[in-house]
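Each chain gets a letter, A, B, C and D, in the order it is written, and its residues are counted from 1.
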Amino acid sequence: MGKGRLEAFSDGVIAIIITIMVLDLKTPQATGLAALAELLPVFLSYVLSFIYVGIYWNNHHHLLHTCKHVTGRILWANLHLLFWLSLIPFSTRWLGERRFTGVPVAAYGGVLLMSALAWLILQCAIIAANEGGESILQKAIGHDWKGKVSCVCYLAAILISPWVHWVSLGLYVIVALIWLSPDKRIEEITAAAAEPRS
Amino acid sequence: MGKGRLEAFSDGVIAIIITIMVLDLKTPQATGLAALAELLPVFLSYVLSFIYVGIYWNNHHHLLHTCKHVTGRILWANLHLLFWLSLIPFSTRWLGERRFTGVPVAAYGGVLLMSALAWLILQCAIIAANEGGESILQKAIGHDWKGKVSCVCYLAAILISPWVHWVSLGLYVIVALIWLSPDKRIEEITAAAAEPRS
Amino acid sequence: MGKGRLEAFSDGVIAIIITIMVLDLKTPQATGLAALAELLPVFLSYVLSFIYVGIYWNNHHHLLHTCKHVTGRILWANLHLLFWLSLIPFSTRWLGERRFTGVPVAAYGGVLLMSALAWLILQCAIIAANEGGESILQKAIGHDWKGKVSCVCYLAAILISPWVHWVSLGLYVIVALIWLSPDKRIEEITAAAAEPRS
Amino acid sequence: MGKGRLEAFSDGVIAIIITIMVLDLKTPQATGLAALAELLPVFLSYVLSFIYVGIYWNNHHHLLHTCKHVTGRILWANLHLLFWLSLIPFSTRWLGERRFTGVPVAAYGGVLLMSALAWLILQCAIIAANEGGESILQKAIGHDWKGKVSCVCYLAAILISPWVHWVSLGLYVIVALIWLSPDKRIEEITAAAAEPRS
């Protein structure tokens, strides 16, 4: 089974997810600069989600790079990940409409948490199908502290959202920044593995 | 005529079908946990359809893998399949809005039935263009009991939906589970056929 | 300049065009079988447009197959074609909403006519960049009676639509059928040209 | 890291951006030719944006052609560009709805200005990762007067839009025409660089 179509399909779905979010940017009724102020919450939630989906696309790219054998389990683990990612436009719209308050804050974190768990499942499926603990991917992710910290942050953000929703939002931003910062170690290992002589 | 563009186009259409369904997840007016309860029917119908479209994408992948010659007939049989699949977002939205009752239950089954028939037509077109009964695909599908059972289930579900629509919904879930369960035999045959020495 | 990206981009745009039309299939307010009757005009206009876009995708596939050199002019002629095709979802929605009457009938023909003209421009650009009258494409299309007849039919349909709109609709169906019928001659010539020894 | 997926993903996003704009072409309530007159502002803003997105796709094609090494920085510079391009459907819809007046005229220019700046950042990232000043791209763009003139025009259009918004709109059209006119020099240099013997 070819890896090409898996990549192409995932790219297609992620490209649509990242783009249809902009359909929820409604044209404001107000005129003048007030119109732009009115848009701000929806715009900011769009920016945050664009970054999250961008991170997932970027990492998905790396993840499949290390994958040689595509099994039925990997295909379904990948679809499972795409399912949760496909809910991001919904949770983003809700977060913006309610101006970062109430249940949508927890719902946004819930979708991120489920996406992160789906990511871990996909990672395990790929490692299991590609030489287990000896695989390039296993070495590259090591103890995967980023993945674990993210899940803990999402869970904390969901639990505290009814009381201090600004802290929850801060946690979402912090996790995005953690993933955005370049991870030299992974790039080096995958680069080394890609070279024939190493 | 290249198989690559046929795959790429089908992937594109299926990726859009699977993703635009999420546009029908409207943000709820209720607040608190009642908001999530309100969403449940639409969400569940989305999950079911996501699984169905995922199964079709997955199987489409296998189907074209065995196809060497692409004829005009195969192109149109493929477009015919994509046409019925493209109606899934519509029937899913209707099913969720009407909370799994009335005509939408039958309509949902109707779209699934037509998709299944379009699938059979595509399968026949590929077998006919690729060495007939001797083809890899013919061996892999054998008597194709899954395809036949599915059609019977959809038909039964449509007919009984005015009286016991929960049974119809149960049938849709059962057919999805039948297809989700891994089919060792097919994977083995296609894997064997893919190896040069076998 | 690579042909691959031109094909991939066109496939993407055409896949989106063919799929977003289904977003205009609104869930009916009526219940029972009346609901399905209410949907019929929108559904039929969707079927017709799906076939038209399918024909364009299919022929685009053949057209680029014969194209070796991609110039800036071809890129823009292709974008020009995609522009008019992208208006098909709009004209389809309008045709269905107004139940095949009035200005939308002429507007639908207008979009088809502009698409057909854009197609001729693209064809000329490809022939000019690929050995002119000696090119495979030039031989394959010959005098291109299909293209000419289509344009005449669209023009006639637009002009008579204020008086006998059912005749206009009939012309749209007939042109679609002309293109759907397999064109042996073209397939043979392109197949012969694809073989190295011929 | 492969260039293929970067191209495929960008193509997907740009294809969606260029196509979803047509969803904002609402079917008019008026009948007769008045219906078409009513549509004109939205249609014209669609045409302008279609050309802009087409130019970006076309140039993106050339830009990545000269790029050999894809780094994390290039990936994010590319996503940053796609982010601003994804706002074009929003600013286009607003421009058309408000019939080319008021804040939307400035907002449209703002999105174009940010896209142009994102383009410059992407260009710098690619040059930096591909042999710096010696790179093909560096030679091809030279002093990049088009990029600089565009930014100045956008900025001027934004600043004067509260007083003479028709001049702003004229500037947007002029910049599009500058980019549409074929740039012989670039094609020659990239063509020369692509030939093995040169």
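Some points to look at:
Throughout what follows, a contact is a pair of C-beta atoms (placed from the backbone, for glycine too) under 8 Å apart; a residue touches a chain by one contact, two chains touch by 3 or more.
Bear in mind the structure is a predicted one, so any value in this text is a computation, not a measurement.
Mostly differing positions are employed by subunit C and subunit D in their mutual contact, as under half of the interface residue numbers are shared between these two copies.
Using CA-based centroids throughout, the chain positioned farthest away from subunit B is D.
Each chain gets a centre from the mean of its Cα atoms; for subunit A and subunit C, those two points are 38 Å apart. If you average the CA atoms of subunit A and of subunit B, the two centres end up 27 Å from each other.
Touching two or more other chains at once are residues 8, 12, 16, 20, 23 of subunit C.
By the touch criterion stated above, subunit B contacts subunit C in their complex at residues 1-2, 5, 8-9, 12-13, 16-17, 20, 23, 72, 75-76, 79, 82-83, 86-87, 89-90, 93-94, 97-98, 102-104, 107. Within the complex formed with subunit B, the residues of subunit C that make contact are 7-8, 11-12, 14-16, 18-20, 22-23, 25, 27-28, 31-33, 35-36, 47, 50, 54, 57-58, 61-62, 65, 180, 182, 187.
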